[in-house]
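Presented sequentially are two complexes of chain A, the first with chain B as partner and the second with chain C.
Right after this comes the complex of A and B.
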């Protein structure tokens, strides 16, 4: 059997780590506060989109509800770490151990991720028995339910009001470390028995079942792992921005993260990461255009909302012209010399 | 008998596709179900594999009932389906296609050894081990589909239309493989339209038309007989 070296096998992960490290190093060396913020935000999105990829990419089932776990992770961390003086008054519905205590950041992050994961496993159990559009609509229902519950649970989440004063500890390097761990975990999953079985079922469910693949079980495993990393993304998001509201984790976030996955190529891990890098860059450029700039004495400023329109058009173009996304569903392959044609 | 199909009826909605058929397969035997398009052959196969639910009749595997089992349960019992049109996992590599099939087994060491011996037996799969399976030719894909089925180490392998859509050269390749499985003592139930091809590998044949079994018997008794052709093509024997 033709064997690949261990380095060759993990090359797709190393290549992605290297790409992100170069971006962070460049931002550290040449960037200022704004660029650092943009890069940190993009790295948090890498965690979320790669988390999304673990389920969507491997199962082929489009999930509109995964961002709910970002909200669940973010709020769980906020309850444990935020605002010791305001919490007893503003969040009076919290259990006493959360209301009157503030916990360390790291254990809070871990427990928040565990909370999101357990909820995902419970919610996913019935949903993962569905296939195709029915499964996608069910995930959308999850998004709507979480949004409505958190948006109206005033004594626990402050409803649709912003939660402010969240400790900010997520910088570029913390986000890079979490993105690196997420990428490694996603790759390990896709190469695992469960990941391969699920990708086989994505390709042909009947043939996969014929070789004994339990499709609902494999989907549930992917959904749960995916939710863990999306929950982590929520924790990072909250502690990067320092202010959250439930509407941060609704349709806009769902749209942008799915757009990143589709534009990069949702059938590969590289696609998830490249999609974030490409779209985060585009978003920042469009933001600059929205703010306005001067070229040769001419002031250029785009109307508000142009970001969403342009991103929508880019997504449409990719879907029509390159359905496999920018990476075409391929991973970064080991750099090997081109084969010479046989004489 | 390893497989007993008794008075099976399968419907698509209200339309009966298979009506009151009985088929059996003994261990180590190769049984072929032949018939023209729309005869109900593949429907029968899919019902045995757990993909379709029969509306009437009994399906027994090693004496135990198959009805109500999902297709993955059926696979775990030891029935492997090689579906019509190959249906390999095209974006997965040849290696991944084979490994997914081996995950059903608990004896991981034996599965790894079987994989090694399969690769020795089919050098093309070894050569293309890390290539996407979708890049294989039609014949190579059929070999991969059969190899995938073999890796589950089935007690009974169901092969649906193995020659469908293949060039004659590739059909030769596939039937050579099926003959070698027969020599290895594997139990096979093959569904096929190509009457001449199956007569070379089968022990017994069932001829289906319009959802019913029209004729059955051993290859020795039926080969070249007018009765066989009449049953296959639906000629009225009395009209001649």
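Right after this comes the complex of A and C.
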């Protein structure tokens, strides 16, 4: 990209910001409360999926464990901000400073993200030394461990019961701001030295090693940054919905976020964002069908569960028919008449 | 001494279930480099196959009411058919895809199949009564051994021996091993890819069906996600055994089974509910020590 103007260089980010801004503006102008919530949910997913993309997209290693950091971030924030009456009684396992104190929202969000990041760095250290497929399975072990621990640690997490009454401060604009920051960070990472080394290793690990790329190290960097944003996604999720349980952050969430990434195209940042927009739209349409609607006097209603089956099938179709995803691994490039070769 | 033996038998029987599941997963990984999440659905659907399809809370046995030999055969046929059909519909079009794509495809397939099961049978767990006479115990000296544990171990032994004979002696078995070693070379020498892969799927279907019935007899409960914990364990078992090695998969299964029982016994009561977390931690520890697994396969490391 030598010789490109600064605007041209950051265009992929600007274009995605613009896309999300237009969606939010339209929802603000024409939508009611329901549309607002759908868009907010989708923007939280953008944070998570772009976070996931930072690792999966750049390294080419599938991660089934990243959603753990969503849980870790969410619970960490809940411990700090939620339920001053409930905590001393029901969460007796918490350390006293958390049990008897409630902290401000913003510093809590920051410390929760930091907590998720530190854990990710520790967990990632052994796992990132493994080869691709074995690493994927090991990330699964991480998901299982976090699920078992949080699901059984009754005195700290209330086990599999829901934690309710979490302060809800995440509206559409907060979510948009966080999504914008995540997108910018993801782009900055993928253009950095580490990001480029990792992408080289994704294409050809042996060749990358031969030119001196320390693959486990670059993977660990990407994994840790990725977990930070997924942790942020968890914080936003908790303070958007207001209710969490550990099973929100298990296989279904893993599947949906991976589906978004794969459907959009896991090799580009644009793919991650487009995937969320496309799949969130599809989900909402299917939800409408599930609620039932009337066409020409005929009422149509699908039983619950059809939504998930359709999404699974759509994902399989994309994998077979368009393995690169909707964007085919391309970014939004500067609209210029002469086509420059993709890097 | 008696409790030690008792625990040992528990460990062998639990390890047997894990090993059978891990073999089914490992077989496909060897040939296709596919980690098959849908194996969980093969197990689940095999178990559900014995009742009349409905969303009622009370399960009515259909196939499950037949004579055990006929029932087992029917379940095997159903699961094998399911395995071969998914191969044909989903994995055949993805023949040229890379392993991460296959992994995601099987995840998507598993998700779709799980919700199809949910649509047909409803999500609530259902109690079924098969093989309740297997809960009886056999006294060997002072040892009390439930018949089910003996059956589990015997079936596993029989299946492992026949699988080994199949892979060593028969034409398709040899072709499968050749394909696992070097697929392209095998094809150049006249091995038909589609046949070999279909046979591998069928075999993994047989193994899944056996696990369905043995696991169902153990729990007595049908649930749409019942196969999942077994398959998650099987995944880590294949990884610690050494990806691509069938012996490794079986060994990995038994290792995890033993580790689970040992942890169950030695962990203090207050942290016993975290047992599975320790099992997975152990897996990560083994991988730190031997990143390529206990039994390393040369064919799996990429050559330049």
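Basically, the second predicted complex is superposed on the first by the 335 of 343 C-alpha atoms of A that agree within 3 Å, B and C clash if a C-alpha of one lies under 4 Å from a C-alpha of the other, contacts with A are read in each partner's own complex, and residues count from 1 in each chain.
One rule holds in what follows: a residue touches a chain if its C-beta (ideal position, glycine included) is under 8 Å from a C-beta of that chain, and two chains touch if they have at least 3 such contacts.
Nothing here was measured: the structure is a model prediction, and the numbers come from that model.
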First (chain B), second (chain C), both or neither touched by A:140: second
Touched chain A residues, chain B compared with chain C: C
Touched partner set for A:88, first chain B, second chain C, both or neither: neither
Partner chain(s) touched by A:107 [first = chain B, second = chain C, both, neither]: neither
Touching partner for A:4 - first (chain B), second (chain C), both, neither: first
Touched partner set for A:206, first chain B, second chain C, both or neither: both
Contacts of A:177 with chain B and chain C, given as first, second, both or neither: neither
Intersection of the chain A residues that touch chain B with those that touch chain C: 206
Chain A to chain C touching residues, read off their complex: 60-62, 64, 126-127, 129-134, 136-138, 140-142, 144-145, 148-149, 152-153, 205-206, 251, 255, 258-259, 262, 303, 305-306, 308-309, 311-313, 315-316, 319-320, 323
Chain A-touching residues of chain C, taken from the complex the two chains share: 33, 35, 90, 93-94, 97, 99-101, 103-105, 107-109, 111-116, 118-119, 228, 232, 235-236, 238-239, 243, 273-274, 276-277, 280-281, 283-284, 287-288, 291-293, 302, 304
Partner chain A, residues of chain B touching it in the complex: 49-51, 70-72, 75-76, 80-83, 87-92, 96-97, 99-101, 103-104, 115-116, 119, 126, 129-130, 148-149, 152
Residue ranges of chain A touching chain B (in the complex, touch as defined): 1-2, 4, 193, 196-197, 199-200, 203-204, 206-215, 267, 329
